[in-house]
Amino acid sequence: MPVLEREDARVWRRRTTGESLIRWFGWLLGVAVFVYCWQIISASTTWFFVWDAPRIANDIWTRATPPRWEYITQLGRPIWDTLNIATLGTMIALCLAVPVAFLAARNTTPSALIIRPIALLIIVSTRSINSLIWALLLIAIIGPGVFAGVIAIAIRSIGFCAKLLYEAIEEIDHTQVEAITATGASRWQVMAYGIVPQILPAFAGIAVFRWDINIRESTVLGLVGAGGIGLQLSASLNVLAWPQVSLILIVILAAVVISEWVSAKVRGAII
Amino acid sequence: MLRLQKLTKTYKTGDQALKAIDLDVPKGQVLALIGPSGAGKSTMIRCVNRLVEPSSGAVLLEDVDLTKLGAGALRKARREMGMIFQEYALVERLTVMENVLSGRLGYVGFWRSFLRRYPQSDVDEAFRLLDRVGLLNMADKRADELSGGQRQRVGICRALIQNPKLLLVDEPTASLDPKTSRQIMRLITELCRERGLAAIINIHDVALAQMFVPRVVGLRLGEIVYDGGPNGLTPDKLTEIYGEEDWEATIEKVEDDEIEAAE
Amino acid sequence: MSDITLDQMLGRGWKKPPFVKRAWLRWTLIIGFIVYLIAAVSTIEVDWGRVYDGLDRGWQFVLAFTSPDFTSRWTDIWEGLLESIVMTVAASVVGILISIPIGLGAARNIAPLPVYVVCRGIVAISRALQEIIVAILLVAIFGFGPLAGFLTLSFATIGFLSKLLAEDIEAMDKVQAEAIKASGARWTQWINYGVQPQVMPRLVGLSMYRIDINFRESAILGLVGAGGIGATLNTAFDRYEYDTAAAILIMIIVIVMALEYLSGIIRARVQ
């Protein structure tokens, strides 16, 4: 308790002197790191452009408005592709994430020493790398197109879904599993009756949640050539067709808002 | 019919939950296992169907040593032992009917159970059992919609549809109010009598045990310290099992209850 | 319902009651889903020959992970990584600092309505625009370099943290806050004593999580010229230098794992 005896008065302090010093030192260090970072950023910035930014922003704005509405007729197919990339990618990811999650959860893994670390490694490595990077990689391997996008989204989502799912599996009520085991059920039956019903709501929630995120991600996959509306965005940017860019951005915004609304509705219905 | 020989369970932490238990349960006998928390009651019945692996000793069910069985044979043996749990342990997101039918899992194949296509005889038996415990109308309700007493009845149905020879009952009344507790205990003992089942009932409520059960086994720190009729539980014996306390009130209450139950 | 008798039930089959009760709706959903799947799969053009050729390259890439090449492009990798880390740190600091007042403003139970509307608006805009699209616009305005990346990540951090912080404040225990108010505290004192202690642990946890996300995002901003390791990675893929790409990906994974581990420790300490 930091109550200091000073002469004959007792002074209450929130922290002892040592603690305060450490805290101040921590803050100082934090500020120093931030200043250092800022200097690096500042050194590689062309400040002339930055001072000029308001004019350029204004310039872009005037060029981009009004959006070229008639361009929307050419966006039907890209929007359809985007939706497919997100939906099919999510479905493939879920199929792969379920076994990985069961192998990674402490209470269902067949071997905590060998298989669990492998499953966790799959989860970490697929999760750490953004879907755009997966798309880059897949385009280098199997060529540009919607298919690369689907696979990229699928790979990226495995880790995300498997992580949330295995956490749900680890939180199940063990007595329900015990009760099914006590009836003489086989390993698979215990899984189907004791575990699956308990994690089904979590699974559905994760699926919709990830689908929502994947809609967002698939709108930009085209920037690297993996299909969807991002392709049009990238093409329009390259020729500086700002009215088209603004229309595409509006479409993307609408897609994001709609998918969030759908996912909120579905999750509300399940839970 | 069930014989425990030198059954011992030592947990990884070094705690000895059971110390060389010897116990004989003849066919059709209902037995109450009493004792303070931590005495090893729960461990003991879980060692019988090997939800907890015993460290040493033997569990003989009709002369088959369960502790020696492989995975497949153990599952066959588990079918012979129905288990009823403290917090009901129903699969809450499944319907009442699915919970009852899950008692047949040891008998049907995976795909049949997965697609919920149970043999008609199982379905009929499930309806009969639900009718017997008064829950026929609830068959398609989800388990988490039921009250505590109703859930425990479903738990009983799930154990009985296994067509077991032995019931392992773990604190069936611990989460129920006094009236429902008695109803559940009466139901369990009645069903055991109807079907000639043996049962081991873990129970911490001594009065309730004395009311319904012809034989009481007292467990203390993993050892049997009492084995006899309900009337032999004198204050001295209870002190030996549970420790120092004024036991007169408990025993008197029991006699009142018995009169009431007989009425 | 109580007039069902046992005799009526015996001999009758039993089926699990379907999840969707109305038959027509159930079948519409099932058939609609199948039709969608067929349509989606059939519109994906897959050049299987190209994919088949790619398998070989894919295998080479997998092999590259066993012999990653850190050395031949080490200066590029090091500069890119440093820039990514610098952007992450600076953007996280600025983003967290700004998101606290906005989060307070976006909580309906402590902010007046006009402030609430403005703050929620900022949150909505920030969340609807993906990092990569913001980065494209900011690069167009401010020029190439880490400044655009830094601003992008700060902006994204604000949307993420403010929203979650606001939700946390809205869900806090009213009684504790009222007790502080009852002692005659001023608004700032009230926030400091009544609100801050309740939301602080979660704020720290979320901030750590956001730092983790910011680092992962910083790895792709380079694709559009906003600084960081992404540009190096893109070059490596373009030149089919899989061993260098593998080295970069391994470093990203390791840093993300380290960040997760660190945030686990910090979260455990503040709770």
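Letters A, B and C mark the chains as written, and numbering starts fresh at 1 in each.
The criterion applied here is as follows: a contact is a pair of C-beta atoms (placed from the backbone, for glycine too) under 8 Å apart; a residue touches a chain by one contact, two chains touch by 3 or more.
These numbers come from a predicted model, not from an experiment.
Peer 1: Which other chains touch chain A while also touching chain C?
Peer 2: Per touch definition, common to chain A and chain C: B.
Peer 1: Where are there more C-beta contacts: A-B or B-C?
Peer 2: Higher contact count goes to A-B.
Peer 1: Approximately how many whole Å separate the CA-defined centres of chain A and chain C?
Peer 2: For chain A versus chain C, the centre distance works out to 4 Å.
Peer 1: Please report how many Å separate the Cα centroid of chain B from that of chain C, as a whole number.
Peer 2: Chain B and chain C have C-alpha centres separated by 49 Å.
Peer 1: Can you list the residues of chain A that touch 2 or more other chains?
Peer 2: none
Peer 1: Using the touch definition from the top, which residues of chain B touch two or more other chains?
Peer 2: As it turns out, chain B has residues touching two or more other chains at 98.
Peer 1: Residues of chain C that contact two or more other chains, please.
Peer 2: In chain C, no residue touches two or more other chains.
Peer 1: For chain B, which residues are in contact with chain A within the complex?
Peer 2: 49, 51, 75-79, 81-83, 85-87, 89-94, 98, 102-107, 110, 113-114, 155, 158, 162, 168
Peer 1: Over in the complex, which chain B residues touch chain C? Could you list them?
Peer 2: 95, 97-98, 116, 118, 120, 123-124, 126-128, 131, 136-137, 139-140
Peer 1: Which residues of chain A touch chain C once you look at their complex with the stated criterion?
Peer 2: 30, 33-34, 37-38, 40-42, 44-46, 49-50, 53, 56-57, 60, 80-81, 83-84, 87-88, 124-125, 127-130, 132-133, 136-137, 139-143, 145-147, 150, 216-217, 219-220, 223-224, 233, 237, 249, 252-253, 256-257
Peer 1: For chain C, which residues count as touching chain B in their complex?
Peer 2: Chain C residues touching chain B: 1-2, 4-6, 9-17.
Peer 1: Which part of chain C faces chain A closely enough to touch in the complex?
Peer 2: Residue positions touching the partner: 36, 40-41, 43-47, 50-51, 54-55, 57-58, 61, 82-83, 86-87, 89-90, 93, 128-130, 132-133, 136-137, 140-143, 145-147, 150, 216-217, 219-220, 223-224, 227, 230, 233-234, 237-238, 240, 245, 249, 252-253, 256-257, 260.
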